[in-house]
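Each chain gets a letter, A, B, C and D, in the order it is written, and its residues are counted from 1.
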Amino acid sequence: MHEELKKAVCEANLELPKHKLVIFSWGNVSGIDRSEGIIAIKPSGVDYKELTPDKIVLLDWDGNVVEGTLKPSSDTPTHLELYRNFEAIGGICHTHSLNATMWAQACRGIPCFGTTHADYFYGTIPVTEEMTQEQIENDYELNTGKVIVRRFTDIDPMQMRAVLVANHGPFTWGDSPAAAVEATRVLEQVADMALGTIAIHSNQGPISDVLLDKHYLRKHGKDAYYGQD
Amino acid sequence: MHEELKKAVCEANLELPKHKLVIFSWGNVSGIDRSEGIIAIKPSGVDYKELTPDKIVLLDWDGNVVEGTLKPSSDTPTHLELYRNFEAIGGICHTHSLNATMWAQACRGIPCFGTTHADYFYGTIPVTEEMTQEQIENDYELNTGKVIVRRFTDIDPMQMRAVLVANHGPFTWGDSPAAAVEATRVLEQVADMALGTIAIHSNQGPISDVLLDKHYLRKHGKDAYYGQD
Amino acid sequence: MHEELKKAVCEANLELPKHKLVIFSWGNVSGIDRSEGIIAIKPSGVDYKELTPDKIVLLDWDGNVVEGTLKPSSDTPTHLELYRNFEAIGGICHTHSLNATMWAQACRGIPCFGTTHADYFYGTIPVTEEMTQEQIENDYELNTGKVIVRRFTDIDPMQMRAVLVANHGPFTWGDSPAAAVEATRVLEQVADMALGTIAIHSNQGPISDVLLDKHYLRKHGKDAYYGQD
Amino acid sequence: MHEELKKAVCEANLELPKHKLVIFSWGNVSGIDRSEGIIAIKPSGVDYKELTPDKIVLLDWDGNVVEGTLKPSSDTPTHLELYRNFEAIGGICHTHSLNATMWAQACRGIPCFGTTHADYFYGTIPVTEEMTQEQIENDYELNTGKVIVRRFTDIDPMQMRAVLVANHGPFTWGDSPAAAVEATRVLEQVADMALGTIAIHSNQGPISDVLLDKHYLRKHGKDAYYGQD
């Protein structure tokens, strides 16, 4: 059952080491079948070399294991909270990818410094508030999801498919597990470029809203004209 | 028809991922047969793994598709404007390569800090003016070409085969598609070296005109003595 | 005799070039069989391409060669001093890995800027005092071990499995040779992230003790809930 | 004739792209047979993929081609000047390797910030004076050699096997072509580490002479105790 979903989640996870977004067993990707109410996620602490579709864990909305013999990722409650609140998303990716994590550790959002950023992310990549002692000590992973959701009160998660959890690292998402991983890869590139940009010009400001709109909307939405569709 | 041109353009595009100048389907290279008035360019949004010569799109001077079933790169009007105005060039390359894009995003030209730069580029790599709202909202890609051309009013494009579009990234060119890609690769190296140079010495000035002339002219022009020709 | 130990030490050494933690013959990993009082270590100046288990040198507690025809690593007295004082450790790794060495050369400990760090290292990665003329000129390698041990007077070496020797580079350890190498790889990632963090925000402070505890203790100790065990 | 020398020079040149010290046809390595008065060097502008021992050019002390159908590297007069003045050296390597060139472009010597540096180079990596108009316009490559030699008036070239030519890049040498390439690889690592060191601590000073002596002399000279000899 759900073989397609498990395969898609497994393959998306395996993209992480290929793109050098993780080392060892770090990182995790999940996917959801909303019609069936089934979430598929990487097992906790399993090395990518040993990851196969049958090791992917299937969960229900409450995080109960529906299929699989391994423990799901310890970040599972964060994934579930995002699926509950971001209703259009079909996949989530969490890594400690190098450059995005630098910005997360500096507790700074990544300003939109250029069209590479604007092609994928509609504005500043947001950073969450730092978590309180209470949020950390009780249901930490669930609360990580909650601080992300709160940060998106006025942001459309399908126009901003990435967030930096302060002091921690990025979560990204998309309409599929593969799309979530692509967003992490692009975020990593954008974070790297942004670091160089401020090294050259420390006070560089973001691009204009006009240029942001032009690039974002030529690739996304009803008037998009990039690609073959 | 034009099999040679399509093959040359396809191969030049395939050099981009090999040199790590692009990720995913980013970037595009074109070539021109001026005697026939035919421009060949990468199709929009096609992954490099799937790119073959028969997928290269052939266009006339007005951008009409002469051969091919795919849509040409969305940056096609920029390429056409450069071919119209830079009469000696035979190929154009556009990427968001990492280090060159950092400088473009910082809206700074790259000073000629050393002989690596001087061997290929005859002075500061220029950055365009930022585009106006009018230029962005109407015929954006054509206007991208126009701001590049305007920046080259007093610059010979065959002595300066690269430009940084402000807030965006580099375009490079040469007498062939392969030469355009080589210029992007060298630009990337030069941009990386320049970033390190100012990290070590923030007020570093450019090299002397005498040293610039020596290095540029020992590799280019009638008195060149580098290489086997 | 001790074939298992020699094999484990050889394989751990061979992980170093794979993870790009060393170039040429740099670096060395050792392991110990405490029940037999035998230490196994890489021979001095041997290239990784030529390293096989039979070239691993076996020593007693005093550094006398028990088995092997090659000279042990010149850093052997440092390893022995650490084994004598850190009684829980089973393997030690020494490299001049790029980013960790930058911090060692700057004589700065690496603050815990985020959860990647907190997942592995319980607080600031400590840097030793600079060594005195006396310590350098006589029994230098032994004294390198002594300044490390002194730095750990109030630190549990199994909760902080890395140190930066001032002006030199990192030593790491763990319950096996492989674990020692893993600690070096993670240290390298953490050092790289920390460098980017201060480039973005030069005054960034460490994460809270609450967040440090949460991440360190969810992976280590009796209440750990990460992984499959 | 001189097949061994040509083979050694060819192989040393081929190490450059393997270690990512060059791109395209950049860089050149030479070797000398002092008993015969024969210098072997890479031909100018030839791609590494096409380099074979029979393409290596043999020259006499005056730079006349003794064997070979290709033009020698345009940097040949620099190599010859170094062989004439540094009598112990058997091979020379010139690249525009990334990190070393950053320091050369900043016209800064690389301070000895740590033991990685001290293991190979006995003090600050020197940078030459900037060349005068007269030196650049007439016999530029010969004069490049002369400014290097002048910089070494009080330095033993076998204890400092590298120099940064201001505004240009590094030359390194050793007792063989392979040793010259190894020196470039180590220089590149040391230059990278030094860049990170000053990013962490901008006023970091060099290590003590005592520590420099300890590390340099444990690997070089009559009392060396590193390695198997």
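By our rule, a residue touches a chain if its C-beta (ideal position, glycine included) is under 8 Å from a C-beta of that chain, and two chains touch if they have at least 3 such contacts.
If you're wondering where the values come from, they're calculated on a predicted model, not measured in any experiment.
**Q** Once the Cα atoms of chain A and chain B are superposed, what angle does the rotation have, between 0 and 180 degrees and to the nearest 5?
**A** Roughly 90 degrees of rotation.
**Q** Need the CA-centroid distance for the pair chain B / chain D, whole Å please.
**A** 33
**Q** Just the number, please: Cα centre separation of chain B and chain C in whole Å.
**A** 46
**Q** Residues of chain D that contact two or more other chains, please.
**A** In chain D, 199 touch at least two other chains.
**Q** Could you tell me which shape the graph of touching chains takes: line, ring, star, complete or other?
**A** Topology of touching chains reads as a ring, each chain with two neighbours.
**Q** Using the touch rule from the top, collect the residues of chain B that touch chain D in their complex.
**A** On the chain B side, the touching residues are 113-116, 182, 185-186, 189, 192-194, 196-197, 199-201, 204, 207-208, 210-211, 214, 218, 225-228.
**Q** Please give the residue numbers of chain B that touch chain A in the complex, ascending.
**A** 23-24, 43-46, 70-71, 74, 96, 98-99, 101-108, 130-131, 133, 136-137, 140, 167-169, 195, 198-199
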